Amino acid sequence: MSLEDAFADGPAFIPYLAAGDPDYESSLEYVEALERGGADIIELGLPFSEPIAEGPTIQNAVVRSLQGGMTPTRFFEFVEDLDVSVPLVCMTYYNLIYRYGDEPGPRPFVEKAASVGIEGFVVPDLPAEESEPLREACDEFGLDLVFIVAPTTRGERLERIMEQVSGYVYVQARLGTTGAQTDVSDQTDSSLARIADYDVPKAVGFGISSGEHAERIVRSGADGIIVGSALVDIVAEGTSAARQTQSDDVATGHERGDDPQAVADRLETLARELKDGAMVGASQRPPHPERT
Amino acid sequence: MSLEDAFADGPAFIPYLAAGDPDYESSLEYVEALERGGADIIELGLPFSEPIAEGPTIQNAVVRSLQGGMTPTRFFEFVEDLDVSVPLVCMTYYNLIYRYGDEPGPRPFVEKAASVGIEGFVVPDLPAEESEPLREACDEFGLDLVFIVAPTTRGERLERIMEQVSGYVYVQARLGTTGAQTDVSDQTDSSLARIADYDVPKAVGFGISSGEHAERIVRSGADGIIVGSALVDIVAEGTSAARQTQSDDVATGHERGDDPQAVADRLETLARELKDGAMVGASQRPPHPERT
Amino acid sequence: MSVDGKFGEFGGQYVPEALMPAIEELEDAYERYVLNNEDGFMDEFRTRLRDFGGRPTPLQRADRLSERYGREVYLKREDLVHGGAHKLNNALGQVLLAKYMGKERIIAETGAGQHGTATAMACAHLDMPCEIYMGERDINRQRPNVFRMKLNGSEVNPVTVGRGTLKEAISETMRDWATNVEDTHYVIGSVVGPHPFPSMVRDFQSVISEEARTQAQEKLGRLPDSVLACAGGGSNTMGAFAEFVSDDEVGLYAVEAGGSTLEVDEDAGVAPNSASLTTGSEGILHGARTTILQDHDGQIMESHSISSGLDYAGVGPELAHLVDIDRVTAVNVGDDDALTAFHRLSQLEGIIPALETAHAFGYLEAVAGPDATDETDALGEFVVVNVSGRGDKDLESAIEETYERDIDIAPNMDEFTGGL
Amino acid sequence: MSVDGKFGEFGGQYVPEALMPAIEELEDAYERYVLNNEDGFMDEFRTRLRDFGGRPTPLQRADRLSERYGREVYLKREDLVHGGAHKLNNALGQVLLAKYMGKERIIAETGAGQHGTATAMACAHLDMPCEIYMGERDINRQRPNVFRMKLNGSEVNPVTVGRGTLKEAISETMRDWATNVEDTHYVIGSVVGPHPFPSMVRDFQSVISEEARTQAQEKLGRLPDSVLACAGGGSNTMGAFAEFVSDDEVGLYAVEAGGSTLEVDEDAGVAPNSASLTTGSEGILHGARTTILQDHDGQIMESHSISSGLDYAGVGPELAHLVDIDRVTAVNVGDDDALTAFHRLSQLEGIIPALETAHAFGYLEAVAGPDATDETDALGEFVVVNVSGRGDKDLESAIEETYERDIDIAPNMDEFTGGL
């Protein structure tokens, strides 16, 4: 299934997790839980040592995953080991793509990604201006290249991006970095309005943390929602609870129950809430969205 | 008796002590002991807070004396209270002379000094170039103004000094500051030779600490010897021993015997050794010193 | 000069989309104000550099070094610039540019604190609110600089992620910028980052070589045979080289920090040096394609140097390019030799250099000193060394590091073992 | 200019006879080399001041102070001189002169360590062995400066007598000189001491006013209405005033340290200030007749100031004379106001001044600031303030002293309570 197809049956729910956070095995379970919770596409983060576009939540996930031994090679194994059927998007920084394989350049990475079943990429530090080599490799191997459109992206820049984007466009809901927020940004509506005319699915991300957010955003016209930090928060809490438990075990023998299965269940629950919110939002949309 | 007269009967022994070191009463005893030991003239230091020409021994004496409450006014009382018959020379720094009395200028100080029986002054920071006002006041009240001649003083400078000096000339035995030394400087002989022609008593000071030194120096042609630090050392030792004793008293009840009388005795003993050395030196002099 | 932001294969703009409009705005401002002196920007910049910054700095003959090395050794005295390093040339330029652009807030990253203090000074001078990001570990190592920034009215924001050093502070500042891009200018501290930063910072710093070139002509009637500068990000290097690049006869030497060894521990992700030009490889870091210290996978390595200002895993793209095309010779000097050079310059010339700067003198000693072998000596008869900064900030480190090593020319420092 | 060493009633040569020949030799050298430029001494001095010292220093318009005080406020930037203060002007001149005289050894006293570091730098630069006397208490208060002197290859001799501060260090240096007068030159750190020091130090420092006078003409086409400088011994003051003394229309203000109070405790022998020109009287100290802090008997009092460089019980005789004849106005600023001015300049202009220098700005605030009463304001429309030095040396003191007081404009410094 291609990325665009995932938007065919109503709003797409696109969760993000960092692969290997906090360890390989748990992470496999967590990602699979997202599919059970209703994910239509999954964004899998391949952690980079300098995640300049991430807020603290995902920064910490990156640190955990790197400490757990995640590498590009392990990442591809991870994807192969995953038992999910929805399309997977690899989210990572350009240097890892560029350095993979024997020769600098994106082609070996893309080839390998294609071979393990990745459908597309999001590369936060690769603006349209610098994306040609990656774009070409993606074309060669039939992968999509998702671009981010920020609240500040307008005019010519916007056109240049929309010409190149495929799969879906990642609409950044607010300025700043990733991170769960308690409200929905007003910037979202105007961003969506700016790109309403382009014929590509529009998925909104950055800061969505509840079913209610999801509903509002889809009602405003988004074709999908992308949720990262709110989910990563669950992994982080589970991890620190598990660490706590380990020391508690020694001290009190008390079991807090934050085993990977419990975390996976909570992920599934939040996923479902978000997916349901998106569905409700879609059902409330004006019947004929004005697309000229 | 005038200063010059003190040189009439053979070599003059001129000891120095800081008045009021370490306290008023002990200091009276110490100065009187010097006379008993054979002093022909006594140099009494009036302590100044910045004794730039002194070495550590006399610096510390100055500190003790100031801490003991010595002031110019007390100094004059001290001179009045002293029971000695040899001439007294006041050794101090110019600012104390300059500031005494109601109006700046040396006259009030000199007048007062004369009234308590001081015979002359040594002012280490007052070179001949700046001495006119003091010289005039001394003339007015009939006091001598002793100048120091250093090993570096030659030619015109020397003449200028020798024109102004009265009482005796203070021949600085070596470069540097005051302080007892274990040897006699070679510079002494050449200094004495340089001023041999002038018709004024020549007293050598700076570093003389034993009868043997005294002997050598007088043998070389000095008309007198000036001894400060070696004597002050005795006061200092007595003072720290007394302090020691005070604390020992508390701790052990043991009496070290360094009462002022013992210190005075030691001063008298060293004074006698120095005076005797000077006499021996004089007796060994070539019968007709070559004075042209 | 590159206006498209590429230096051969290096350079570019690898930043989040949210920043791209700001970067385009900056590119535009750079071209108008810096390149075309619109509204007299460059005139005002040069005037302020002179009056506030203390320019021109002298090109001084180092008498005793000249004797030691048997040639004319001249020092370009950037240590005399206000704040004690070349850093102000850039900070003042960027803060002034931000003012021309109508920005209302300045942010900057700092490692050793030199760029931070320079930016804080420039902001106080030009009345701009300023926040500085600094790794928590650096904050603890460089407390006097933290205090100076606060005295100048800047806020200092501790960065606690990762190791808490420069790399993390840069990432954090980029995040702030991405959040507040509309009213905020990010003053990058070296010739690194996305275009137009590398070109713009070079242009602000090139006053160094502009002056040095004229001064060399005045003093010796000719151009130097070689110019030496230490390279962290490469701003003092590019500043000292820029006007000489087209003078083919002038040798240009970028001296990186060799750290404790040039060997790299890939598994631990640690390079015990920051000699990216020698031990690094091509990659993308902090917005530009350039030469960086990275492991086989492309993860950035922890660098190391005795001098925190050189302790950075990358280098400016233009410098990487000039090395690539053999116009600039990349060399390096280790911690021990840099420290020895620090003491030597202090004793022989009465100039206590920054530890960063000391690396450049370490190279001079290696090539031309009494223990050097002749064949390596291509520096020629007239050498200019860029004294990028003064060492007052490094006194504590100098004590600690000298104590750990056996630097035979160092003074006895027993009374300082406990620090200052 | 005085060649006989007298300024009205002040000046002279009140030193032990052993020193007089050296002083005559120095007088002779001063006349030949300094006054008559024999062997091109002054040319070499000026060249080294430029190349090694970083002269000329700018005369900078202080935009934000100009706004605050409603007039043109210009800063003479001696803080940019190598070493961070005007002190090098003099140290370099004297060490060079000693070389011309064939001396083989340099000694100097230092209080805060600024003159000591300047002398140590000059000695390293000119390859002269150097010993610095410094009170033990000052050594403990100014460890970074002690370390800098040692880095430059100087020996630092602790003086343990008395309170162990500047006064005692001067006496001790005089003693060394009296012992080693034949091969040694004593580099006095201010316009104090016996003739020819006051004139000679003034001449070395007068490059400040020479430059400032020309720069004022260039920038505003006229002379300033007033010049402000802080006064310890008075060397930066005399340097900043010298060329303006004959310009009757230029007001000259010497700002002394008012300390904690102008009241004096005669019995304890303590003046909690070092405002000799205001609270002192005529006397003889350290070789010259001048205005000093003394008790009724003529014993020198302990002075006090928050800034150790102003913490001296006397003042140069020429300055005392110029105040006596009403050519210079003596004023003073207390510890609190100086500290506030320190923070104000740091925040408004991006220049962290020495605490000494801050006193001059404290006076500007007192006369022209928002809380000033108009009638006292005689400074005029164009004011030059001499920024005698930078404050890097004072960071620790600033922390401590700010903490003890309630300086409302100071940044929050909680994290620095324990020092740097």
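Some points to look at:
To keep things simple, chains are lettered A, B, C and D as they appear, and every chain counts its residues starting from 1.
Operating definition for what follows: a contact is a pair of C-beta atoms (placed from the backbone, for glycine too) under 8 Å apart; a residue touches a chain by one contact, two chains touch by 3 or more.
Listed by chain with UniProt protein names: A, B = Tryptophan synthase alpha chain; C, D = Tryptophan synthase beta chain.
All values reported here derive from a predicted model rather than from experimental measurement.
Measuring from the averaged C-alpha position of chain B to that of chain C gives a distance of 65 Å. Our note on geometry: chain B versus chain D, Cα centroid distance of 38 Å, whole angstroms. Chain contacts: chain C has no residue touching two or more partner chains.
If the chains shown are joined wherever they touch, the resulting network is a simple chain of contacts running from one end to the other without closing. By the document's touch criterion, interfaces exist between A-C, B-D, C-D. Of all the residues in chain C, the ones that touch chain A in their complex are 12-18, 20-22, 24, 161-162, 167, 170-171, 174-175, 178-182, 269, 281-287, 294, 296-300. Residues of chain A touching chain C in their complex: 48-56, 59-60, 63, 66, 71-73, 93-96, 98-100, 104, 124-127, 129-130, 147-154, 157, 161, 172, 175-177.
Of all residues in chain C, those touching chain D in their complex are 50-52, 54, 57-61, 63-64, 77, 79-80, 82, 84, 120-125, 127, 143-144, 147-148, 150-153, 343, 346-352, 392, 395, 398-399, 411-413, 416, 420.
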